[in-house]
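One chain, chain A, links the two complexes that follow: it is found with chain B in the first and with chain C in the second.
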Partner chain A sequence: MMKNKIRRMINNMPLNKVRFWIQLSMFVLFAYGGYVLIDFGSSIPIFACPYNSETGATCYFMPLQHQLAMPANVLFGAAAISVLVGLLTFVAWFVVLNKAWCGYACPFGTLQDWITALRKKLGIRYGTYSQAQFEKLSKIKYIFLAIVIVIPLLMGVGVLGREWSGAFCQICPARVISPMFSGDFSQWKIDFSTVTSMILTTIGVLFAAVFFVGSFIKKRFFCFFCPMSALHYTMSDLSLLKLRKDGDKCTKCGDCYKVCDMQIKDIADDVISTNILRDDCMFCMKCVAACPEDDALHVDILNMRVFSSSKEGFAKRMGMDRLEKNDDR
Partner chain B sequence: MVDFVKRDKNDIFNRPILGFVFKNKKFLLGMRIAVALLFFYAVFYGFMNPAKENIFTGAVFWVLFWPLFMLLTLPTFGRIFCGICPHGFLGKYITALGLKKTMPAWMQNRYIGIFLLIFGWWGAYYVFPGFLSSPLGTAGLFAGMTAVAFVLYYLYKDMSYCKYICPIGTMSRAYDKLSFTKLETYTESCKECKTFECASSCPYHLKPFSFAAKNHTDDCTLCMECANACEAVKFTLTKPAQILEKKFKALNAEVWAFVLILAAIPVAMTFAHGLERSTIAQEMIWNKTAAFFGMGEYGVGFAFMYAIVLSLFFAVLGLWLASVVLKKDFNTTFSTLGYAFAPLFILGSLGHTLEMFFVKDYATLVKGFAQAFGFAAEAVPLAKRGDAWLHYLGFLRWVGVIWTLMLLYKRLKLIESTKIRKIFGYFFASLLVIFFIGINIYVGYVFKVYGIKAAGHSHHMGGQSISQRPSFVKSASQPADDSSEVLDFKHMIKATDLIYFTCSDPRAGSRNSYTGGMHGGNPMAVPSQNVWLVYGENFGQNACIGQLDGALLLYDTSHTEKPVKTQSAQNCTAYRFDMPHNGYYTLFFHSLIAKENILHYKSAKLEFLNGNHGLADVYEPHKSQPFIAEKNKIDLIRLRDKKEDSFFYTHSSGDLLRFQALFDNKPLAHADIKVFTDTGWVKSLKTDSEGIAEFNIIKDYFPKWPEFDKRHKGMLLISLSYEDNSSGILNAESYAKTHYTLTYPLFFYPNEDEYKSYKEGLIFALLALLLASFIVYRFRKNRTKPFAEVRYDEK
Partner chain C sequence: MTDNIKHTIETPKQKQNRHKAMEAVKVLNMIKEEFKEPPKAMNYFYDLFERVYCKQEPLHADKVKVGTMCIQIPSEIIYALDGVPLRLCNGFYTDDEIGSDLMPSKSCPLVKATVGHLASGNFSDKPDIIFSPTTCDQKTKAGAIVENFGYEVMDVDFPRTKESEESREYWRRSVRKFSHDLSHSLGKKLTKKNLQASIQKIGYAQTLYHKLNDLRKNRFVPILGKDMLMVTNAFFFDRIDNWITAVEELLEEIEQRAKNQLHAGGKISPRIVYTGSPPIFPNYKIPLIIEQSDAIIVADETCSSNRMFNDRVSVDEWFLNDMVDSIADKYLKGCTCPIFTKNNDRIRRIIDLVKSYHADGVIYQAFAGCQVYEMEQRSVLAAMEKEGIAILYIESDYSPSQQGQLTTRVEAFIESLKNRRRMKR
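And then the complex of A and B:
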């Protein structure tokens, strides 16, 4: 009885509010953790940018790029262990939350959600991609992931010089924007020391500027291009947390697609796959909260349902009782 | 599925030993694991030992895998190497875990693999001889291909990598047709089958039950999954190249592979390694072309290009002329007759390869394995160059020519035409063969008439050396080696000379020898630093001090005295110390020289900041505080700035430096301080009443922009001097005055403001912001344009 009660309570929770508070606390933790000497290490699967000197952890891409840029014989020799340890730590962190790292913990993602909230307050319409645009854009993150991995390797074999160090960081908008959380605006500078760094930092600055316009208009604008999201997807099968769909119970009403910030069509269309997590997904669980069918969508930890869609929860979150009352009046 | 079948006599699965070798699941798995381990170990070994001394990596790939596993098996048993190839073996599992997408149409192109083989490998092999076949190049190549293969296996289904991208995939598929084996099924038994286990078990998504009827085996790599899934699969012995005697669905890519490989290997080898050795090499057209373009050293690369162009020319021209006389369209003629060129390369190269194996490569192989697995082995080559029986192997090339001509005859039978047309067609189609015979005879002719250059035979294994990190040899067991010519320290150094520490080797021209940080090799090892003591009248004229007359003291981060290792070479001594912790390591040196009634107390100081990344390396402010040695008569303390809040602090031009001079641990007022830079700038200062002097580091680095280096090290030397009237006797020389000097070196980088700019960044950002906003605005305006409303006046 007790169990059912708790389950009902979870299923009926106001997800948006819960999520807001989790995101806020995570943002404080990762953007300002440094002030109270919090350090979760350097293998965190989110864009907790180390260029922000007060970060509470370090985005995994920073150490990864530095490690892969070691001379090839060092990298494949003794240093392989430290690379492996870094990767395993990354996986260990990732396995816990799966892509919910993006939806709940990433400060850069949270920033975009807040910009979206601002837009909403101002009453400006949001933008969407057409399906064809979506298909194309969602490939870009793999190109960025390739940049993260290939450029340091090329440095390691001596094809590229030191000015390519941390090449992805140089073009990453989080590098430009995150330090502003702690009042450091110096990343907006362009580095003229070499032609390469000039081009890379210029791209970074442009990307950061476009980020503001883009995320104002498009929900989670940057996440389509995020190489971390791509890296997550390659190992999402390992994760303990799963987003599952029961196609038999789906009526294809499309509510889940409408609330999806990432415009993932499969969430409504695909009634065959049970594992409905897609590469663009950020595991915000808004789809689960928006689903009006009992157990059609559910979030599992090790096959145990922790949060599933329900008629009751849907009615609660939509304020149906209030609506009905208004109808009566 | 068929449970039992009465096998033919010539079914290999019916043979006691061969049947086990080719079909037994456990044996095949064992072979695959062994080959995969060997493959990855060789790659790993190549990265670990990139120097030329590593013969193992080369031996595995260029003695074992390519000649023995590929060239020897392809015209005999077929693509059996593909069946145990590490990529395919692991790829099967990766595909099972992977995304199983369909490979995009543009990648489903066998020419990708062929071009990778011909230009990516062979082209690069001729243009940059030695690099790709060096241990590091080999390991890098195979590591890279492995990474590509695994990514593609992960993404795409049905082992598409093997079919389209693998450089030797299409090649194996093509030459497999010469073999005397064929995988097919007992078609009689198959008739009752409704379940098609052979097809469903095939990782390549092929249909083995159709092989017999189709008369070829598609992309089958002989992995024998089907044979283990159904008993009706057979692996028969046939006549060599039996497939080529009948019609089958030809693939133009295979014919191009035959021609291009013939061009890239035997023809180009004949040019680049044959004619290039003759005394008239410079007269050859490729060397003349290279000289014409002023790229004389790339003659061999041009030879490769000529080989490709000439071979393609004769192949295409010949087959086109044949198509004209046979009155058939070019495509049909090309794909039908082109298959005859198959034996031309493979038998020719096999002869050469086997000869090299007996003469040299066998010994290399044994030595390589002995090197890698650490056992002792004496390898004697199986034959000496010039042994009579080796010449028989050379005949294999002519066997290849004869076989080609025979195949051409058989393939010609498949084309319908009149007899007289076929005779002319035969002649034209064999133009490539005639060209091949021609260049072989021509080489013999050139060698006979003009002779061979003195230089030896250059072979695959000749790699250029890849420089390794120089390793520092501790000199504990090896005393100063120049004992014969020890220079007299006191006479060498003049009274006015500066003695100071430097972190860069004064013998080498290099300025940069900072080895702190995590990139200095083994991350587990304790980082260490070399320093040298040098002297000179001016800063920058570093003459190295070979033998020391004075005291050298090292204090670590916790201010305790530590030993210093020394190594002398070429009359120059390097001092090396370990830096187990982060923080400042301080070195002191002082010596006494009495000259002309003056005692010169010369001392040098170095503060070296070690910074390492690591969890244990937490910055604590007290660790950056200067160390004041009480033993030192005279000292110069650099007062720390508030900005210095990490172990990675560096000085940059524009920084304010503050020093306090101490004498007998008391502030030294009104002492002379001189500041030098390595560019020749000098500044004189006096300490104030508290012994403090301060100055800004100047900017003296003005390169043209593209040559700007933000890690350019500017060198500073601060020297403190002071004189008092203490007198005494040193080494039987009395003095009335004492002159104290202390030097303190420091390096600095260009200031960030010199190369980083807000202005451009903000302008660009603003422009991008405006442009993006404008685009969004325009875009929305277009979309929200109200419909032109049509109104009717209803009055």
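And then the complex of A and C:
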């Protein structure tokens, strides 16, 4: 009885509000944790960028690139243990929240949601990609992931020089933007020391500028291209947190697709897969909140349902559970 | 002597009204009197149908009436623009006969009746403008026939596939154009505020429907299918606020009945899912035969009822264009109409209804002449067989003549379901 009551309360929750507060606290934690000496280590699966001196953790890509750039004999020798520990820590963090790291914890993701909120306040409508554009653009993140992994390896075998160090960080807009959280604007510059650095940092600064314009127009603009999202996807099956779908209950009405910031079509059209998490997904759970069928979409921890779509919850969230009457009798 | 007797000759319209009233009264009496204890709150609906169909009372004299030829014309947009949507789909045999002269003999009785009604021009609430979505062949062509009677008819392009991104975009464009056209002809602007209010009002109406429906999943079914059909059918033409109040009252009563474990059927009445061509008042022939033969319709998959209410509009950002697109998606993506190229969604839906409403069998009724439902019959039957779900397929039309034969078939099916239930015990 009590259990049902709690379950109902969770299923009826105003997800957007709950999410806003979680994101805000996570943002404070990861962008300003440094002020109170919080440090979650350097294997965090989000863009908690260490270029921001007050960060409460370090994005895993930073140490990963440094480790992979070590000469092969070191990488597979003395350093192997620390590389492995870093990776395992990363996986351990990831396994807890799955891609919800993106939708709830990533400060860079949250920043985009706030830009979206600003656009909404100004009464401007969002942009979308056509299906064809979507399919092309959504592959870019794998190219970035390749940059994260391959360039350091090439440095390790001596093909590329020192100036390629942390190549992805140099082009990453989070490197330019995150320090601004603590008032540091110094990353908005181009490094002229070598041609490579010049090109990479120019891309970084341009990317940061495009980031602001892009995420003003398109919801979660950057997440389409995020290599962290790609890396997440490769190990999402390991995670305890699952986004599942019961295709039998789905009427393909498309309500979930309609609210999806990432325009993932499978969420509505795929009635076969039970695991409905896709590579672009950021696990914001808006689809679950917008699904009007009981239990068609649900979030599970292992096999326990923690948040399910429900008719009642849907009506509450859409303002369809009551009516302010203005008579036409 | 004979000078005192005044001879008044009945006009064709009066005759039509009298015939329709006779049809309506017959069905209303059956609904009211031949079943045990109909809910008290149903009286609103019984009266409503009597007022409209026996007494020809107008309900919307003060409003612009927007006729719709099919379910896909978004009523959210019509209400937002202060019009009244009137679904023109018709269930009268009298009108069917008038329409028979205007349509090929083997066409669908629903379309014939709709055309016949429009040809007579005899309405208590006459549509000022008609929107005709290009759904099935017969309705598509009927729009053009109706136009010849002097109505302002506007076609709304509807795609016949729904999986592709192209059709989605195509339909969104159609709906945008529709809202533009309607706004133009009603002289009112669609705004963020009026559209949101109307989406939420219809959403609320759907919430009420869903709450009622959920109670039909109970072991003790508190309301019969024939009453639910009237509730949903009234949504075609009733004043929406009145409808909402009436359903709120009905819901309260039905919730109480559910608490008291009141059962509208008999001890082993089989539970039926009804699917196929839409039963529209007063053509409740098959549903009434089913429930008179001691079965209960616990759920349906028809466009006059469940399909009209089931899928909801979800909006992420309440901007005008976003709302219009959301509305468009609801009327295309969730639709299980057999006009679409393939229709596994409809099969999945029926199976889901059978499971979630614990049904014993499915009755699939197609109008003779409703080609798409007739064509889809085989695939649905095969799918049900695969799932081990009992199904009866029947063809019928609006004529009052086949009653005996239909009753025999339905009764035999229900008897076999009862036997299954007995064996299970």
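Assume the second predicted complex is superposed on the first by the 321 of 329 C-alpha atoms of A that agree within 3 Å, B and C clash if a C-alpha of one lies under 4 Å from a C-alpha of the other, contacts with A are read in each partner's own complex, and residues count from 1 in each chain.
Assume a contact is a pair of C-beta atoms (placed from the backbone, for glycine too) under 8 Å apart; a residue touches a chain by one contact, two chains touch by 3 or more.
The shown structure was predicted, so the numbers you read here are calculated from the model rather than taken from an experiment.
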| item | value |
| --- | --- |
| Contacts of A:315 with chain B and chain C, given as first, second, both or neither | second |
| First (chain B), second (chain C), both or neither touched by A:170 | neither |
| First, second, both or neither for A:258, with chain B first and chain C second | second |
| Touched partner set for A:205, first chain B, second chain C, both or neither | first |
| Touched partner set for A:292, first chain B, second chain C, both or neither | second |
| Chain C-contacting residues of chain A that also contact chain B | 125 |
| Contact set on chain A toward chain B in their complex | 41, 66, 70-79, 82, 125, 127, 157, 162, 186, 188-195, 201-202, 205-206, 208-210, 212-214, 217, 237 |
| Of all residues in chain B, those that touch chain A in their complex | 44, 47-50, 97, 136, 140, 143, 518-519, 521-524, 615, 705-706, 708-711, 755-758, 760-762, 764-769, 772-773, 776, 780 |
| Residues on chain C engaged by chain A in the complex (per definition of touch) | 163, 165, 200-201, 203-204, 206-207, 210, 214, 239-242, 244, 310-317, 319, 321-322, 325-326, 329-330, 333-334, 336, 345, 348-349, 351-352, 355 |
| Chain A - residues contacting chain C, complex | 120, 123, 125-126, 130-131, 247-259, 265, 268-269, 271, 286, 290, 292, 311, 314-315, 318-323, 325, 327-329 |
